[in-house]
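Chain nomenclature is as follows: A, B, C and D, assigned in order of appearance, with residue numbering initiated at 1 for each chain independently.
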Amino acid sequence: MPLIRPVTRDDFPQWLPLWQGYNKFYGRSGETALPSEITQSTWGRFFDAYEPVHALVAEENGQVIGIVHYLFHRNTISIAPTCYLQDLFTAESARGKGVGRKLIEAVYEQARRAGCPRVYWHTHHTNATAMLLYDKVAQHSGFVVYRKDL
Amino acid sequence: MPLIRPVTRDDFPQWLPLWQGYNKFYGRSGETALPSEITQSTWGRFFDAYEPVHALVAEENGQVIGIVHYLFHRNTISIAPTCYLQDLFTAESARGKGVGRKLIEAVYEQARRAGCPRVYWHTHHTNATAMLLYDKVAQHSGFVVYRKDL
Amino acid sequence: MPLIRPVTRDDFPQWLPLWQGYNKFYGRSGETALPSEITQSTWGRFFDAYEPVHALVAEENGQVIGIVHYLFHRNTISIAPTCYLQDLFTAESARGKGVGRKLIEAVYEQARRAGCPRVYWHTHHTNATAMLLYDKVAQHSGFVVYRKDL
Amino acid sequence: MPLIRPVTRDDFPQWLPLWQGYNKFYGRSGETALPSEITQSTWGRFFDAYEPVHALVAEENGQVIGIVHYLFHRNTISIAPTCYLQDLFTAESARGKGVGRKLIEAVYEQARRAGCPRVYWHTHHTNATAMLLYDKVAQHSGFVVYRKDL
């Protein structure tokens, strides 16, 4: 089973293709690829003690095979912050082996230690494969996401 | 039409019943009411320059008839933060007059000034009345919310 | 008298030489100049609603003749944050006219509105000219600064 | 030698008298004592994953004999945050044994891991005993602190 651990600066070459794979899945590739400035900024925030933005990686045999990013933010209905699990991605060759589940559970553990009462995330309602897992480890809240791009 | 403005400390007596009305709508009343410590903490954060947690109110004839709370938080796919519109509530007597819409649009304006590329919020998929408005001013993203209470 | 107002993105060409002048005063010029990445990062934070980092400028006849940067941060002996006035600089041609004082007082006003009980800053003990002003508008606390570069 | 470790919620009864001893040293006792609301707020922030406010304790034979509080905040002349070591206190019975030094060095280690280029603190210029230690582990910067209470 893979080891789940906080990302380190040395992971960059292995983290990058997974981050790009994740972005491609959501249509951010080619002409619509995420600008590299954003990737640099996000990467830097994982190592900025002022920022509540964190990353864990799943490592097996020296290979990073999965990534998860989460951040803490304020919530008006609690004193403690809430934990937003924003990005989860597993290398194609490592799918179906419980890596995603282990990454999610590791975020739960970090949030628990941080005194955080809740972890949440968004997924597209058509993402049936992912929801098979999500329904096992979390609750489909019945809430939907509205957005306005400015 | 109501005036939309930032909340001030003097608004507390008028803000509180709207906040309680909002919480009641989501089942947080009576035995499951939000502890007053949380209300005090959230209220204090609106006036804490370190906290990216904000509130606007709609005022008409000296009465606060609507409230909206929003906060900025990090986002891994942008350099600028994202804006989460967490709470929106209008006094019952002031419904159907466009107050909610004005409050949402005022959040857009604040987010725009703040260089924020997106505002989002969550609503329960059964909240049909609210969605009539939301569908006019924003995009139903197709994303659903998963949660894990720790 | 100059107008004191929040910085805007359009001010960059006028803000930059003052920022560079300020850095030069503290020995950060030529080979020891501040890397431009830091200047870009700091400038961006003034417009990042998640960051409690702010700038005001003094403008006269369309010219920016002074700048002040301040930030809010936590303090263990208060619930409200403290306000750190980090940088203050006036164009050489505009010295001795009270611009620095107006900038400091404008920070006081911002801090007051933000519910912040204290503004503080650091100055080198040999900076006699500046201290003539500081002794008029604030209190020489008797505290000294220790530092460890890691 | 004592063990230096992050504070835990269970440490409260042992942390509190040291925190009060520290405040008393700075004249905050009796009628000028820190309100308990502030102590509760600061204590809570140590365990709030959104807050960059941290505490370490020195423990020996199950007793907490020293405390140090530090926080990360923005700095206009660096991309990474700076580390402010705000409070340091050792039980009277444990003085002169290097506990303060170990606590300071533990903060250096935390700041280093966090990618933070500098740790700083304030001390009163009459605090000769403390400065004997500070002069060994850090640099007397020559900067003095100005303050304005609003």
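Methods note: a contact is a pair of C-beta atoms (placed from the backbone, for glycine too) under 8 Å apart; a residue touches a chain by one contact, two chains touch by 3 or more.
All values derive from a computational prediction rather than experimental measurement.
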{"item": "Chain labels contacting chain A and also chain B", "value": "none"}
{"item": "Type of chain B:chain C copy interface by residue overlap (half), same or different", "value": "same"}
{"item": "Cα-centroid distance, chain C relative to chain D, in whole angstrom", "value": "26"}
{"item": "Intercentroid distance (Cα basis), chain C paired with chain A, Å", "value": "37"}
{"item": "Geometric centre distance via CA averages, chain D-chain A, whole Å", "value": "33"}
{"item": "For chain C, residues contacting two or more additional chains", "value": "52, 73-74, 79, 111, 116"}
{"item": "Residues of chain C that touch chain D when the two form their complex", "value": "23, 28, 34, 37-38, 41-42, 45, 51-53, 69, 71, 73-79, 84, 86-87, 108, 111-112, 116-126, 134, 137-150"}
{"item": "Touching residues (chain side chain D, partner chain A) in the complex", "value": "44, 47-50, 52, 72-74, 79-81, 83, 111, 114-116"}
